Each structure stands twice: as C-alpha cells, then as structure tokens.
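These are the structures, in structure tokens.
In what follows, subunit A forms one complex with subunit B and a second complex with subunit C.
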Partner chain A sequence: MKVHYYPGCTLKEKAVNLEETTVKAMKILGVDLKEPEGWTCCGAEFPLSEEKISGLAAPARILRQVESEGGDKVTTTCAFCYNVLKRTNYALLNDPLKHKRINAFLKDDIKIDHETKDKSTGFDPYHGDVSVVHLLEFLRDEVGFSKIKAKIKRDLSGLKVAAYYGCRLLRPYSEVLMDKPDDPSIFEEFVESLGAQVVDFPFRQECCGSYISVSEPDVAAEASYRILRSAILGGADIMVLSCPLCYYNLDRRQGLIKDKFLEFSGFPVLYFTQLLAWALGEKISTLGFNDHYFNPRTVLEKVVKSEVAQ
Partner chain B sequence: MRVQIKMEDKEKSFIQKVAERSAQNIYACYQCGRCSAGCPFAFEMDILPNQIIRLVQLGQEEEVSGSKAVYLCASCFTCHSRCPKGIDIARIAEAIREITEPKGQDHFGPDDVPLKWAKDLPQQAYVAVFKKFSK
Partner chain C sequence: MSGNGPKKKIGVFVCHCGINIAGVVDVEKVAKELSKYDGVDFSVDYVYMCSEPGQKLIEETIKERKLDSVIVAACSPTLHERTFQNVMTRAGLNPYQVEIANIREQDSWVHPDRHEATVKAARIVKSMIEKVRRNQNLEPLAVDITRRALVIGGGISGIQAALDIADHGYEVLLVEKEASIGGHMVQLSETFPTLDCSQCILTPKMVEASRHPKIKILTYHEIESISGFVGNFKVKIKKRPRFVDPDVCTLCGECEKVCPQVVADEFNMGLSFRKAIYMPFPQAIPGTYTLDIESCLGLLPIRCGKCREVCEPNAINYDDQEEIFEEEVGAVVVATGYDLYGLDNLGEFGGEKYEDVINGLEFERILSASGPTGGQVRRPSDGKVPKNIVFVQCCGSRDPENHNPYCSKICCMYTAKHAMLYKHRVPDGNATVFYIDVRTGGKNFDEFFQRTIEEEHVLYVRGKVSKIFKEGDKLIVWGVDTLTGRKVEMEADMVVLAMSMVPSENAEELLKKLKISTDANGFLSEAHPKLRPVESLNAGFFLAGCAHGPKDIPETVAQASAAAAKVGDLFAQEKLYHEPTVVSAEEELCAGCGICVPVCPYGARTLNRERGVVEVNEILCEGCGACAAACPSGAAQQRNQTDEQIFSMVKAILKG
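Let's turn to the complex of A and B:
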C-alpha cells in the first residue's frame, strides 16, 4: 500500500520521535510513505484574514505537487499541517475568489518555457481535490483497525490511555472535523485497537496553549496543566497526542508547570505513533523517549510487563 | 465592565474594516456569552471575547486597540464552535490585530523570544506566533 505523506517542517527536526515512529510503524503495517517532492513548510496557521491570501500559496503548492505526482490523497500526523491543508482545500472548493487568487500564485510558479516565453502552456488549475487525511483516519479506513489489532505484539490491556485531540484536528467543525464534534471517538478506537484501555477525561478537546506558550508562557502553562490534571483525575497512566506543539506544551514545558502548580509531579505524554510502534513490536529504546521531559519508559514498563515482543 | 460610550467616538469605518477582513457579520452577535464561557484564555483577558464583539459593534476602536485580549487568542476555535449564530470570533480577533497594530511594529517579534526557550521551540510555534503577532 502506498500513500503520499506530508511530514511538515517540525517533524524533521524537533519532532523526530514522531516522524521516525510513524515511518517504522507504517513499514510494519505494509504502508509505503512517499513525501511529495520539494515540499515546504505549510505555513503552520491557516490565514484568517481576507487580506492574507498569499499564506494559502504554500499549502496549495504542496497539494498541487501531490496531485501532479498522481496522488489523490495525502496523509499527515501533525495537527497543524492537517488543519492548514484541509482548510486550504475547503477554501479552494468553496470560495471562488480564493480559488482564482491561489491559482494565480500557482500559475506564477510554473517554469517558463524559455523558447516561447509562454507561461500559460500546461497550467491546470488546482481545484482542491486531493483529500487530506490524518494518519488516524488512514489507519481506520485504509489499513483497518482490525489489521492493526492482528499485528499487536504486546499485551497493553493493563494500560490506561488518555487520548488527547486538542483543537486543530477537529475545529472549525465545518471545515476540518476529523470526527464528530460532540463525541469524537476515532482516537479512542485507535487506542483500543492496540489492546489498551481508554479513559474519559473532559479536557480532551481543549487547547493546550498552542503558540501562546511562546508569548505568554505562564498563561499557556495553566491551559496545559488543566489538561494534564484532567487526564490524571481520569485515571490515565499516559496521554497520547498528535501534534508537536501540544507535545512541547504538555511535555517539554512540564518544568514550568511544576513550578507554577506544586501538586503536579509530572506525567508521561507521547505521540500516538510511539505507542503504536511499540505495540507492534519495536524496542522501547528506539522510540525517542530520551527527548521527553518526562520519560514515559518507566510507566510503560511498569504497566506492561514484558519488554520482549511476544 | 464600565465603559463610557460616546456616539461621537463611534468609528463606522472601524466596524466596516473588521467586518470585511474577518468576513463576519458583526451585528449577528446577541451577546449570549458562550464564546467567553468556553475560551480557554478568558481567565487572563482584560476584555472578554463577547465584550470585544460588543465594543466593535459600537465602533469603539480605541477601547479595542488598547486591549490585550486579542493577543491571548490561540485560534483554537472553541468560540466559533460554541456560537449559536456561527460567528467566527477567532477571525474577528485576527482582523482586529491587523487593523489596530501600529504600522511596522511587532506585538511579539523575534527579539521577544526568551532565550531560554529559543533552542527548544518547535518550528511550527515560531511560524505561528510570528504570523499572528508580528508584521
């Protein structure tokens, strides 16, 4: 099985543990990931102002590249990228003015035939037809959760997991909506397919602070703490998520959270692909846990007894 | 919240600019407060989201430009998802930031990043914060 895969800039450097475990896990599941050639940063934030249409050029270009390589679908694990790409398609499909302007940018991109100096040959507008699917959707719909279940090598039945969605996988509901807004369940179904238990916690769709952690660290720390506390009160052993910035706010900033909220003593937070790769048999030492502020290893090894893949 | 509203201060062009840039019907808001109730950063804001909308409706540009609330918006869209009129308050916040930020000035720029975080921050955080809060 082959699919186009858009990692995004953060995965190649700061979120290497998300990228590597994704690739490893997909290999085990028999999925070949192909990055579109010459991909760039997607822009991280979907431009919300009618004046800032140029911010849509980069994501449109990425999608156009996927289309020109014969792909009808692109998958991604980064919630920011997922949000931007999906919303770009929606804008192209529903807003004729944006469609016109974005394609004007794309047209400017194509190479000029220096003989004829003719830019207009061979330009096909991009209409927003490449589907953007989050890896969780891809695992559910193309690979199948039952196929994953069949390949699980560890007994995770004693592990209680808090599946954290955050905001960018779901909202704005009319455009993104990875799952039902009132009660999303795709992440929980994924966790159950690994054989682990799911815990309910009311803060699973709340914002972790996002980029506010750069400009107002204390405010973001409070937002992140509320989510961690909710997961702990729900009885979770670990939290899984799908966004490098959420990971940064909920794990890497735990030092700041501890300083502000003295009752907090740390909590393991990991990418869903780290858990997936481990459940599929990868060694715990290869999952990039050394990058974490709170290394999940001790908790995982305590709850799931055997290191050796069964 | 005590605000003195003088009709001479009502900046019609301000309301129009915000409405155009955000592509939202500012007058659709009937002040139910659900946005403010759900906003994860409302606890730190000087003026709440629904109050910002009210001030825009009344054309009170000066009040709105002085507030730090729009710089606490993380674009999480909780407000938009809760609004019974479907108003996209995050877009209104973005429009306000664009209109009220003095020209050539960054609200939060590269020089403002605390050095202790600088090496650690994920790329997407940099791109996002500068996109939202700097020129």
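Let's turn to the complex of A and C:
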C-alpha cells in the first residue's frame, strides 16, 4: 500500500521521535509513505489564526503538489498540520472568494516537471480535492484496526492508557470533522486495537495551552497539569497523543509543572506512533525515549513483560 | 370555441377576494372576456363570492337564467368548494355542476404582472368551463359504519380515550404492546403542580378501564396492519405469547421465586432487577404474571421448567403461540406515547458511562414509594444519599444543530418538582438546576416553580452545561452562568438530565406501516394545527397524548377526551358519505392487464382473473387518478375527470 505522507517540519526537527516511529510502524504494516516533492512548512497555526489569504497559499501548494504527483489523499501525523491542511481544503471548497485569491497566489508558481526537470510556466489550479487524513484515520479506514491487532508482538493487556486528543484533531468541528468533538472515540479504538486498556479520561479534549506556552508558560503549565492529573486520577500508566505542541506542553514542560504543583512527580507521555511501533515489535531503545523529559521506558517495561506468542 | 360536448348554459362568477385577486388580476376584464365564450350565458365579477350576498348572487342567477353549470373563479377549492356546492344544492342543481377556477393561489398570489396574470386567469377559467361542460350529475357514495373503536397504546392518553368512547356507548379495543397498561404515567412518583401520587390517581382509571363492559384490553398485543377506510377498518393484531393464562394465574408468586433468570427491570428503568417470569408492578392490569421469553432460559423442561413445576393452578403453558387475528373497527385513536432521548446521545455528560448520571424517568423511580429505593433518594452506584445534586434542563431539546430543535415542554416543571421532592427528602442537601429559561405556562405552574426557589431554596443557574466527568467519588459539572458571564465548576454526587421527549421508538415502525403522517421530528401531524388539532390527515385516525408532541398529563387527558369526542361524532352519523369522483373500470374496455392494481395506493382495485377484468371498491378509491394515468386502454376513467375532459381543458388553456 502506498500513500502520500506529509511529515511537516516539526517532525524533522523537534519531534523526530514522532517521525521515526511513524515510518517504522508503517513499514511493519506494509505501508509505503511517499513525501510530496519540495514540500514546505504548512504554516502551522498562522495561516488560520488571521484572515490572511497569503498564509493559506503554502498548505494549498503542498496539496496541489500531491495532486500533481497523482495522489488523491495525503496522510499526516502532526495534529497541527492535519488541522491546517484540512481547513485549507475547507476554505477552497466552501469560499469561492478564497478559492479565487489562493489560486491567484499559486498562479505565480513555476511548475516543475519532476521527470524531465523541465521548468515550464504551466499552472494547475487547486480546488481542495485531495483528501487529508490523519494517520489514526488512515490506520482505521485503510489499514484496518483488526489488521494491526493481528500484527501485535507485545502483550499490552496490562497497560492502562489515557488517549489525549487535544483540540486540533477535533475542532472546529464543521471544518475538521474527524470525530464527534464532545465525545470522540477513534483514539480509544486505536489504543484498544493495540490490546491495551483505555481509562476514563475526562480531560482528553481539553486544551493544553497550545502556543501560549511561549508567552505565558505558567498558564500552559497549569492547563497541562490539569490534563495530566485527570489521566493520573483515571488510573492511567501512560498518555498517548499526536501533536508535537501538546507533547511539548505535557512532557517537556513537566519541570515547570513540578515546580508549580508539588504533588506532581512526573508522568510518561508518548506519541501514539511510539506505542504503535513498540507494540509491533520495535526495540524500546529505538523509540527516541531519550528525548523525553519523563522517559516512559521504566513504566512500559514494568507493566508490559511478555511478548505475544507467535 | 369548442362546440363539442353537451350544450349547457354556464354561469361564470369571478371573485375579487378584496385585493387578493383584484389587486393583480383585472377581474372585470376576465368576466367580460368570458361572457363571449362558447356556452357562457352569464358572466360577472364580485368583491367576495364567498360572502352571503355573493352566494345569493350565484343562487339567484342560476334560478333566473336557468343555468346548468357554474364556474366560480376564486381561491383554492380546498377552501370554498363545499360552500359553492351547497349553493348549487340550494339553487336546485347537482353540486357536481360547479367547478372552482383557482385564480388566487395559482395566479394572483404568484404573478406580479397584471397583464400576464389577467391572461392566465382567463385561460384557467376557460379550461374549467371545458371541464364543467362535460361534468355529470353525481351522488355521494353512502357507506355503513362499524361503531367500534381501536385505541393504540395503553398509557394515560389511551386509557382516557378508551374510557370516554366506551362511556359514549361504543365498544373499544385497547391494544398495548407491554405486559400491562399504565404507560409512563404509572412510573412517575408525584405529579406537578399538586404533588398527587401518580399511581394513586392513575390506577383507579386503569381498574375502571379493565372493568368497563365496553372495553376489551389486549395487553402484550401489537398492531400488525390496518386496512380499509374510515368507518370500516380491518385491523390485524398480533398476540405475543405470554405463556401464562391471565384467567388462571392466582398471583401466588411461586413461579417468580424459583425462576433462576435475573434481568434488568424496565419498569424501574433498569435500577433494579426482576425475574424472567414477572409482574411489571403490583397494580399491573391485567393482574397476571408474564413469561418474558427473551430472558427465559428456554421453554424445554429439560433446560429449566421450574416455573411450570411450581405453578399449582397450572396457569403456565409453554406451548403458547404467537397469533394473528383480525378485528373490525370504524375509528382509530393513536396514543403511542413517547420515549426519552437516549443518554448515549450526550456522551460529554457521561450518561452511559457514569451510573450516577441518570435521566428524569430514572429519578422518578428513585423518588417513587414503589421504586427500587422505596422512595429514599439514594444514588445508583453505591446507594449513598446524594448531598449535592445537579439537574440539567433541555438535554437534547432546543438544540437544532446537534439534537432536537423543539422544546420538550414538561421538563421545566418536572425538574422543579424533582428539586422540590429532593429537598423534602434530603433537607440538608443542595440542589442546583441549570436552565436556558424556565417555561411554566400552565395553571398554578409558575406558583409551584416560585415555591421551589423561595421556600425550598433550590439554586437556579441560567446557563448550559458543557461537560460532566468523574473525579474519584464525585461528579464534576462544568457549565456557564450566563447572567454573570462566568464559568461554573461544581461538584455533585448525582446528576439528573432532563432528556428530550421523542416519539416512542416502537411506534415509529408502526406509524410508517400505517402511513400515518408525521412531522419532521416523528410526532403525529394533526389535520390542522389550530382548527383540527386531534384529527390526523388520514381520515378515521385521531391523535392523543405525546405521540402528537410533548405534553403534560392534564393536556394529554384533555386531548384524549377530545379525540374520543371526535370518534363519538363519527359514530353518531347514520352513514358516512364518500366523494363520488372515483375511478371506475369500464368492463367493455378493460383488457384485464392488471397494470392499475399495483399502482393504486389504497388497494381499491383487484383483478378478477375468471372474468378477466379489474373490479373497483369505490369506497376505498380516493380519486387520486394514478390508475387512470396508468390504464393503457382508457377503461379507467375518473368521474368528472375523464381523459376527454382533461384533453379539452389542455386545449382550452393552449388556445388562450
């Protein structure tokens, strides 16, 4: 199975542990990931926080590139990239004025024929037709959770997992449409397909503070602490998530959280692909755990002892 | 033009309808133009044809000029056709010699241009002249009435309707799918605004219905199908096997003691348990045990058979079978009631996840003296008395984006009642109600609500709840107080959600099968929202209770009595009269191809294979004309709407 895959820049820099485990896990599952040629940053939050058309040009360009390479679908693991790409499509499909103006930007592009390296000035308009799927959706709908189940190498049945959505995967609902914003279930279904247990985790869609972390770290630390506390109260051993910024707030910020909330002593937070790759049999030393503030290794090895008999 | 067709002296009466028609159509010009049309003996315009002087004008002109037929160019025939047919009768003519040319709804109201609208009006009138020229004198078809009513649903509305119809002196079949009559009302604890015990006021009515010589109660029965027409319905009823003979069962209860199968008790909303052989509640009618086959271990004595072994009077019969039988009735009261919108629709409130987040009916059972806690307020998870309780109104109601757009009407009052009863039983507890706004339209309702706040000190917070979740032993309620604009976070031991009322889930399929018209939300549609509120658009069907929309008990009872009165009106007539404009099958022309048979939505046409022709039950025919359009030989002709008439009308319109 081959699919276009847009990693986004964070995965190549700050979130290498997300990128590498994604690639590893998908390889085991027999999925060939193809990055669109010449991709750029999607613009992260910025294209959508203000009504500026110019910011939407970058994500539209990425999607057009996928289309020009014959793709009708692109998958991504970063919750921000997912949100940006999907909402760019929404703007193109639902707002004729934005469609016109975004394509006016794209018109200035030089089209490169990647086979002949011929730089003609031809232009393909982009109408918003490349479907953007999050890796979770791809795993559910294309690979199939049941197929993952069959390939699991480790017995995770004793592991209690808090699945954290954050806000980017779910909102704004009318544009993102991944799952019910108030009562989603795709992440829990994923965790269950790995054979692990899902805990009741009421703060699973509450915001971690997002990029307010930059200007007001205390606010983000408090928001993040409430989320971590909710997972701990629910009896979770670990938390999984899909967003590099959530990861930053919920793992890397734990030093600050500890300073502010004395009862907090740290908690393992993983990317869902790290857990997936490990469940599929990857060695724990290859999962990039050394980058974590709180290394999940001890907890994982304590809870999960046996491998599934093959 | 057309010299064809019988020679008739036709009068044309063009109505102004104030400025409704005359404001756009040049009515004088129309009348003048028509006076020259072939066969028209007299043509005039007048300000209101439907007024007393307007009617007199028509009547006297008919008599003076000895007219044969009349055209009234006015509003839609659905409004005044009957008025002008009566004028015809008074003038000594057959009522089917008048036709209405609709120049209002189909012309003046939809066209702004005066010239074009005037031309169109004249053409419409001309086409109706061509039709009326060929109209025959018709007499309404008379048919006998079966003076016996069917009531579907044994809740308070069905019980009340059945009692009233029976008291009018007519027989009633009361069909209920559950093991006992009583519906939701018998589950309620106390009723607002008087706090009468619900069972205490309902059970006497249940007993009365069961003892009434004119009422036959069929519990554990379902409606399979209804065919026929007003006054003459044939009802197929399915008897579900209950495996216990109600006439023999002595209610000794030995069977229940030995039954090993324990399942959730529906009567207590799953808050307690019952056996597979059970009686829904002590005052159930009929007073008998019922064996719920879904939960039973199986009827083979080798598997279990314990209940039959201990039944001394031998009331238990494992060979009981499902049966379908037919009954004849003349009218049907649909009182299929409501269900509550499922808690699973509000995942963010944890209704399915947390035992202590419950719906209003569950709380009724907790409050009820006959309930699982004997009327003590105890929460389902651990039986503790909740010291902090939160009520949330409008759960699933008034939310067109996500749930139901309508107001469920009774929740404001029953939540006030819940909060008040809670405070009566847990005086040191705190009750909080989240509301959008409080609607207390009803006699003594607002006084009751004010008492809840002022005397019982229930805290009302204006705002919606966004999320309910559990932290340890406590439920945390997140909401907003829209009066102060602040977020509210509150601890609760138990939360009661006032879930939206929805049409009974089981009834949905039945209504679809019966082709009874419902609205966008699945509630029964009334024939007219103001003037015919208890009649269905389907003749012979009447509506009662929450199947028609959310309503409280007094309103339900009033509607049920109104429906019963309407059934009485129907049965008081000597005969029913049916429109004679039906479609025949001319035997000389009919080739017996049978194409028209499946086309008929009313089952009025059958193919007689021996004689090779189609036969028509004229009483069943509603005159829709589908068969006439389908008939390849022209044997199916609608009276006063023949192919010849239609073609001559089309010609007249095209010719101008």
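Observations
In this section, the second predicted complex is superposed on the first by the 287 of 310 C-alpha atoms of A that agree within 3 Å, B and C clash if a C-alpha of one lies under 4 Å from a C-alpha of the other, contacts with A are read in each partner's own complex, and residues count from 1 in each chain.
We take it that a residue touches a chain if its C-beta (ideal position, glycine included) is under 8 Å from a C-beta of that chain, and two chains touch if they have at least 3 such contacts.
If you're wondering where the values come from, they're calculated on a predicted model, not measured in any experiment.
Of the two partner chains placed by the overlay, only subunit C lies in contact with A:200; subunit B stays clear of it. Of the two partner chains placed around the shared chain by superposition, subunit C is the only one that A:183 touches, whereas subunit B remains out of contact.
Of the two partner chains placed by superposition, only subunit C is touched by A:233; subunit B is not.
In the superposed model, A:33 makes contact with neither subunit B nor subunit C. Between subunit B and subunit C, B touches the greater number of residues of subunit A. Touching subunit A in their complex are the following residues of subunit B: 20-23, 40-41, 43-44, 71-72, 74-78, 80-81, 88, 90-91, 94-95, 98, 108, 112-114, 117, 120-129, 131-133. Subunit A meets subunit C in the complex at residues 180, 182-183, 200, 202-203, 230, 233. For subunit C in complex with subunit A, the touching residues are 346-348, 350, 353, 467, 469-472, 476. Contacts from subunit A toward subunit B in the complex involve residues 8-10, 13-15, 41, 43-45, 47-51, 55, 78, 80, 167-168, 171-173, 181, 206-207, 209-217, 219-220, 222-223, 244-245, 248, 252.
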